[in-house]
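Paired with chain B in one complex and with chain C in the other, chain A is shared by the two complexes that follow.
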Partner chain A sequence: MPWMLINNYGRSEMQITKRSSGRRSLSPYLYIAPAFFVYAVFILIPLLCAIVFSFTNYNIQNMKFTGLANYARMLGDAKFHQALLNTLLYSFFVVAVNLVLGLLLAAILGQRWFKGSAFCRSVLYIPYIVSPIAASMIWLYLYDSKVGVVNMVIKGLGFSGKSWLLDEKTALPCLIVMGIWQGVGYCMVVYFSALKNIPDYLYEAARIDGASAVTQFFKISIPLLSSTTFFLLVMTMISSFQVFAQIMVMTGGGPLSSTTTIAHQIYENAFVKYSMGYASSQAVVLFAIVLIFTLIFFKYGNKEGDVELD
Partner chain B sequence: MWNLTEKKRRRIIKSHFLARGLVWLLVAGIVLLVLGTLMIALFTSLKTPEETLVSSFRILPEEWRWENYLDVIKGDIWGRYFFNSTFITVVVVSASILISALAGYAFARMEFKGRQPLFLLFLCGMMIPSQVYIIPQYILMRSIPLVGGNDLYGRGGMGFLNTYWGLIIPFLAAPLGVFLIKQFYMGFPRSLDEAARLDGCNSFQIFRYIYLPLSKPVFATFAILKFTGTWNDYFYSLIMTNSKTMYTVQIALQQYKGEYGIEWHYLMAATILSVLPILVVYIFAQKYFTQGIVTSGLK
Partner chain C sequence: MKKRVLAVLMSGMMLTSLLAGCGAGDDQKDGGQGGGTDTQKEQESDTGSEGHEEVTLTLWWPGSGDAYEELANGLAELVEAEYDWIKVDPLVIPWSDYDAKMNVAFSGGTAPDLFGVGLNTLPNYVQTGNLADMRAELGEDWDGWEDIPENIQEYTTYEDVWYGVLMCDLRPFMWRKDLFEKAGLDPDTPPSTKEELMEYAEKLTEYNDDGKVEVAGFQIQTSGFSDQTLFSAMLMCGISDFWDENYDLTLLEPEVVEAAEYCKSFVDNGLCDYSEGIATTSFTEGLAAMTLNTACNELGNLKETIGFDNIGVAEPFMDGVNFVGGTIVCANKNSKNMEAAMLAYEVMASTKGCELAGTTAGFCPPRESALEAYVAQAPEIYGPIAEILPKAKTYGPLNPYFADFRQGAIMDNMEQVYYGKVDVKEGLKNAVDAYKQLREERDANN
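And then the complex of A and B:
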C-alpha cells in the first residue's frame, strides 16, 4: 500500500477529485455487474420464466399457451392437495417446536449456573450442518423396522415395534421429528446470541422488583426477542417449505403419497413425468405461499417489533 | 427474604438447587439424544455385517472394523465424487466471495441511482425457494449455445448439464454474501476512505488495499456458510447431473443406498465419510459457523 500512495503524491488534489467524480457515474455499476449478472441470469429470469411456463403445457419438446388450464388441473389434483397439506403440517410442527424448544434451550444454556453450556451448544448445532442426505441415512437406520434403534427401545419397554416409515399414519410424524432434530440447534444459536444482546440492567431491575426468573423470561426476554422470532419464523418456514431430500431418500413420497410435499411434486412432475408446464404452476403456488407467509410475518413482525423498553 | 427464619431459607435454597438440577438433567438428556444419533451412525459404520443385523442392540461394536471404510472407498469411485464436490465447493466459495465483496463494497460505499431498489432485489433472492426457478434453470443450462453438443441456438445437445460449469455458475449468485459484506463494510469509518482518497487512491484502490485486507472475518463467515451450502446441496446437483463421473458426494450417497440393497455398516460408513469435511471444518472454525447465521439474523 505505501508505494501506491507515494506514486500519487505528485498529483494535485484538483486532478484527483476530477478523476474520481468523472468515474462516479459508471463504476458502481461495474462493481455490482458480476454479482448482478449471475443473480439475474440464473435466478431472476428463471423465476419470471417459471411464471410464464405455468400458463403453458411445456414438456421439453412442445410449448403451447394453455391459459389457466394448469391451475384448473391443480384444483382437481388430489395428490397435489395432499402435498399441500403435508407441507403445511410439516412446516407448522417443525417451525413451532423448533422456535419454542430453541428459545427454551437458549434461555437455559445462557444461565450462568449451567455447566457445559458451550459443549451442549456445539452438539445441538451439528445436525444443522450435516447434509439432509446424510441425516436421512442416519434416520433411515434409526427408524428401520428390523434393526432400527427406535424399535429396539420400544421393544425393550415391552411394546411391539412398527415399520415407522411404511405406515401412512406415522411416516409424516417421523419426518417431523427428524426436522426438529435438524433445525433446533439453528434456532437455539440465533436465540442464544439475541439473548446475550439484551442488556443486563433490565434483568437486574426486575430482580430488585422481585420478579422470578420465569417472570423475567416472559416479561423481558420474549418481548425483546420479537424481531429475532420474526426472523426465525421467516427463515425456518422458507426452509421447511422446501423439504425434499428427506422425502426422496426415506419415503419417496409414500406410503400412498402420505409424505409427498410441494417440492417433491414439482420434482416428480417436472423431471420424472416431464410435464414442466404443470410443475411450473405448482412452483408458482409454492412461491405465492412463501410470499404470502413472509408478508404476513413482516406485517406482524413490524407491529411487534418496536417494543418499548420501559 | 431477609426476614425468613434460617430453616425456611435453607428449604428455599434446597428446592432452588433441585429445580436447577432437574432443568440441567432435561437439557443434558436432549443433548445426549442428539449426540446419540450421531454416535450410533459412527459406531454402526464400524460393525461387522452380522452385528448390524442382530436384533439385540449394542451401541459399541464388538470388533472395530475400520476396513468398512476402505471397502466403501474401493467399492465405488468415491475419490472421483470427493474430487467433484471439493473442486466445485472451492471454486464456488472463492469466486462468490470475490463477486459479493465487489458488490457489497459498492452498496456500502458508493452513491448511485437505483442503489436501494437494486439492493432490495438482491435481498429478495434469499427468500425464494430454489424449487420455484429450477425448471427454467434446467432448460437454461441445457440450452447454453455451442457447448455440450449444442448448436448456435442451444439445441441438440446437453449444454452445461453434467459439467463443472453447470454445477458451479448458478451457485455464484450469492445474495447472502452481498448482504453480509455490505453490512460489514458499513461499519468501517468513512474517514478511512477519505484519508485514502486524499492520498490519491481511486475507489478500486481503496477497495483493494484498504477494504480487502480488513475483510477476513466477514469472508470467513460467509465462506463457511457457502461451503456448507454447496457441499450439502442435493436438489440442484440431482437435477443437473446424470452421469456417474459428475456425481457430487451427496448424489453418490443417495445412489449408494439403492445400489446394493441396504448394508447398514457400509451405508453408515459412506454417510460418515460424506459428513467428515464439514465436521472437520466445524471443529476448527466453530466460531465462524455460528457467527454467520447470527449476523445474518440480527442485521
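And then the complex of A and C:
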C-alpha cells in the first residue's frame, strides 16, 4: 500500500538521519509541522474535545461535568439502540455486497474478451464520485411512489407499486441498495488494478496443471487479493459506519426510526436537541466501534502481514 | 544546514499563510454577513448623517427562497432610505441551520444586531441572555402598542418581557375549489363542523388503480411536525393549549385524546394513507384537497402553482380560532450599535416594514394599519386571514421545554400512533412520559 511504503521510507530515513548525525534531526519534524498543524486543528483537537464533552452536559450555553451519565443514558436509549442496529445492518450488507460484487465485476471486466472495459469501469465508478446529496436526490426520485422509475418498472411487470421510503420494512433496504450502487465502483476499480498485478505465469502454470478458470480464480486470484480485500474491508466499513447524508436527505431517519443511524443520531442530538454532550458520547461510541472492528480485521484479516498497523 | 534553514522557512511560510487565511476570514466577516457586534464600520459619513458615524448592522432572517431574500433586502433598503448613516447587511439562513448558527454566533460573540426568532424557540433564545427587552427599548409611546392586537403582543411575551414584533404565520382553513367541483361539492361552501369535514374528506379523497390515496381529502401530517395538525384539531375540539402555565402537558385531557383520535380516524378510514407521506407540503403540492396545516406564507407559491381561482380561504373556521406561529423580530441587547439597531428596528417594525413582510414573504402583518395593503393583494384570499388574526392561538404560554416536547415527545409518539403501533391514548401517554423525563434531565443539567 502506498501509505505503508511512505511509512517505511519515513522510518528508514529517520534511522539513517539519527545514525549519521548521532542525534535526532529537527528537519523531518519541521517538514511535517504544517501538515501536523492542520491535522491537529481539524482532527486531533476536535477529537479530544469530543471525548471531554462526552463527560459533560454541554449544550452550547452551559457545560457541567456529569461523569458517565451520558454513557448510562445511552444504555437506556431505545432510539440509540435502533440506530446501532440499523448501522450494523447497513454496514454489513453494503460492505459484503460491495466486496463480492466489486470483485466479480473486476474479474469480468478484466477478461480479454470483454469489449468496452474502460467505458464500463468509468460508468461504474461515477456514482462513487457523485456528491452524496446529489445521489440522494436522484434516488429520491427513483423511489418516488407516484412518478418513480422503480414503481413504473414494477407496475409494468404487473405488480402494485409501493411507497418505498415511507414503509418501515423497505426504507432501510432501499438505502442499502443505494449504498451498494455508490460504493461498488470503488471496490471494482481497486480490485481491477490488484488483479492486473498478479503475474500471468501463475495462471499459465495452473492452466498447464489443468486448473479450470474457476479453480484459478479461487486458488490464485482470491488468495493473492487478500491484502486488497483487507484494505477495502476496512475502508468501506469505516465509510458505511459514517453514513449520514443519504439518511438526512431521503428519510430523515424515519419512518418510525427505521433508518436512523448512529451518525444521524449524533446530528439530531447535537444540532436539533442541542445535547452536545450526549451527542459527543455517541460520537465516542461510534469511534470505539469502528476502532474495534478495525483492530479485529487487522488481527484476523491481515494474515499476510502486508499492512502494518503502526 | 541549508536543508534545515529551508525547512524552517517553508514551515514558517505555510503556517503564516494558514493563519493569514484565518485572519482574512475574520476581516471578511467584519465587513460582511456573520459579523454581529463586531461588524460596525466606524467611518465618518459625509452626507446627511448629522454627526453620526456610519455603522453597519447585521440582520439574520430564517427561511429560504426568493421571497425571504426579497423581504430581508427590502427591510435593509427601508432602513437605509430612512437613515443614510446606517447600512444593513441582511442574511437569509434556512430554518434547518438557523438555530444552530445563532447559538454558535451567541457563544462566539458574533451574533447579529437584529434577527428573526421562531415563535416557539423564543425561551431558548432568552436563556442565552442576548435578547433585548423591546418594550423598554421602544418606550411606552411607540405607536405599535395600539396597532398590534393584544393576543399577538402576548405571544411574544415571556416572563413578563416583550421581545418583539411577530410576523405572523397563520394557518387558515384552505380548500381546493376545483377538487370540490370535481367531487360534486359547492366550491364556495367549506365544511363548518368536524363531522362535515370528515364527510367532505370522504368525497374528496382520490385513489389510484392500486387503491392507494392519490389525493387526500384532508391533510393530516403523520410524520415530522405532527403537532401542527393535532393542534388545529384540538382547537376544533375546544382546547387551546398543549401545556398549562407550569408547562405540564395537557395531552391526556379528554379533548386532546378526542382530537388525536379524530386525526387518526382519517388514516383509519383510508382518507389519508400514512404510507403516502402526507406531509406539510401536500396541499401545496396538490396532494390534498383541504388543509388547516398550510401556512399563509405558502400563498405566494400557491398562486403560481394552483392559482388563486382554485383556492378558497375560509372565514374564521368553526369557533373562529386558528393556529398562529411566525417569526419574531428581535434585537441583540449586546449590540455595539444599540442606538442604530433600535432606529433600524423601528423602521422594520413600522407599518411599511410589516406591509413588506406581507407582500414579499406572505406573513400576515401584525399591525392593523398594514392589513389594508396585505388584503389588497387578493381580498378574497387575504381578507379572511386578516380576520383570523385577532383570535388566532398558539400552543400555549411560551415553553422553555418546547424542543423536548416536539422532538423528544410528540413527533415520535404520534408517528407510532399513525403507523398503528400503539393506540392513541397509549401514544399520548408515552409522549407525556417522555416529556417528563426529558424535562427532568434538562432541569438537572441546568
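Methods note: the second predicted complex is superposed on the first by the 277 of 310 C-alpha atoms of A that agree within 3 Å, B and C clash if a C-alpha of one lies under 4 Å from a C-alpha of the other, contacts with A are read in each partner's own complex, and residues count from 1 in each chain.
By our rule, a residue touches a chain if its C-beta (ideal position, glycine included) is under 8 Å from a C-beta of that chain, and two chains touch if they have at least 3 such contacts.
Here the structure is a predicted model, which means the values were calculated and not measured.
> Looking at A:W113, would you say it contacts chain B, chain C, both, or neither? Reply first, second, both or neither.
So A:W113 only meets chain B here.
> Quick check on the superposed pair: does A:Y31 touch chain B, chain C, both, or neither? Answer first, second, both or neither.
both
> With both complexes overlaid on chain A, does A:G254 touch chain B (first), chain C (second), both or neither?
In the superposition, A:G254 touches chain C alone.
> Which partner does A:K219 contact after superposing on A: first (chain B), second (chain C), both, neither?
Once the two structures are laid over each other on A, A:K219 reaches no partner at all.
> Have a look at where A:E168 lands relative to chain B and chain C in the superposition and call it first, second, both or neither.
After superposition on chain A, A:E168 lies in contact with chain C alone.
> After the superposition on A, what does A:N59 contact: first (chain B), second (chain C), both or neither?
In the superposition, A:N59 contacts chain C only.
> Go through the superposed model and pick first if A:V123 touches only chain B, second if only chain C, both, or neither.
Touch status of A:V123: first partner only.
> Is the number of chain A residues in contact higher for chain B or for chain C?
For chain A, the partner with the higher number of touched residues is B.
> What is the contact status of A:Y267 with respect to chain B (first) and chain C (second): first, second, both, or neither?
A:Y267: touches chain B, not chain C.
> After superposition on the shared chain, which partner residues are touched by A:R207: those of chain B (first), chain C (second), both, or neither?
In the superposition, A:R207 touches no partner, neither chain B nor chain C.
> Does any part of chain A touch chain B in one structure and chain C in the other, and if so which residues?
Residues 27, 31, 34, 38, 146, 271, which sit in both footprints.
> Contact residues on chain B for chain A in the complex?
Interface residues on chain B, with respect to chain A: 20, 23-24, 27-28, 30-31, 34-35, 37-38, 40-41, 44, 52-57, 99-100, 102-103, 105-107, 110-112, 115, 118, 121-122, 125, 127-140, 169-170, 172-175, 178, 197-205, 207, 209-210, 228, 231-232, 234-235, 238-239, 250, 253-254, 257, 262, 264, 267-268, 270-271, 274-275, 278-279, 282, 286, 289-290, 293-294, 297-298.
> For the complex, which residues does chain C have touching chain A?
By the definition above, chain C touches chain A via 3-4, 7-8, 10-11, 14-15, 18, 99-100, 103-104, 106-107, 124, 127-128, 210, 212, 214, 223-224, 274-277, 403-404, 407-408, 412, 415-416, 419, 421, 441, 445-446.
> Which chain A residues qualify as touching chain C in the complex?
Against chain C, chain A makes touches at 25-27, 30-31, 33-34, 37-38, 57, 59-62, 64, 66, 73, 79, 145-146, 160-163, 166-168, 252, 254-257, 268, 271-274.
> Which residues of chain A touch chain B once you look at their complex with the stated criterion?
1, 4-5, 7-9, 11, 13, 16, 19-20, 23-24, 27-29, 31-32, 34-36, 38-39, 41-47, 49-50, 53, 105, 108-109, 113-116, 119-127, 129-134, 137-142, 144, 146-147, 149, 152, 181, 185-186, 189-190, 193-194, 197, 228, 231-232, 234-235, 238, 241-242, 244-245, 248-249, 262-263, 266-267, 270-271, 276, 279-280, 283-284, 286-287, 290-291, 294
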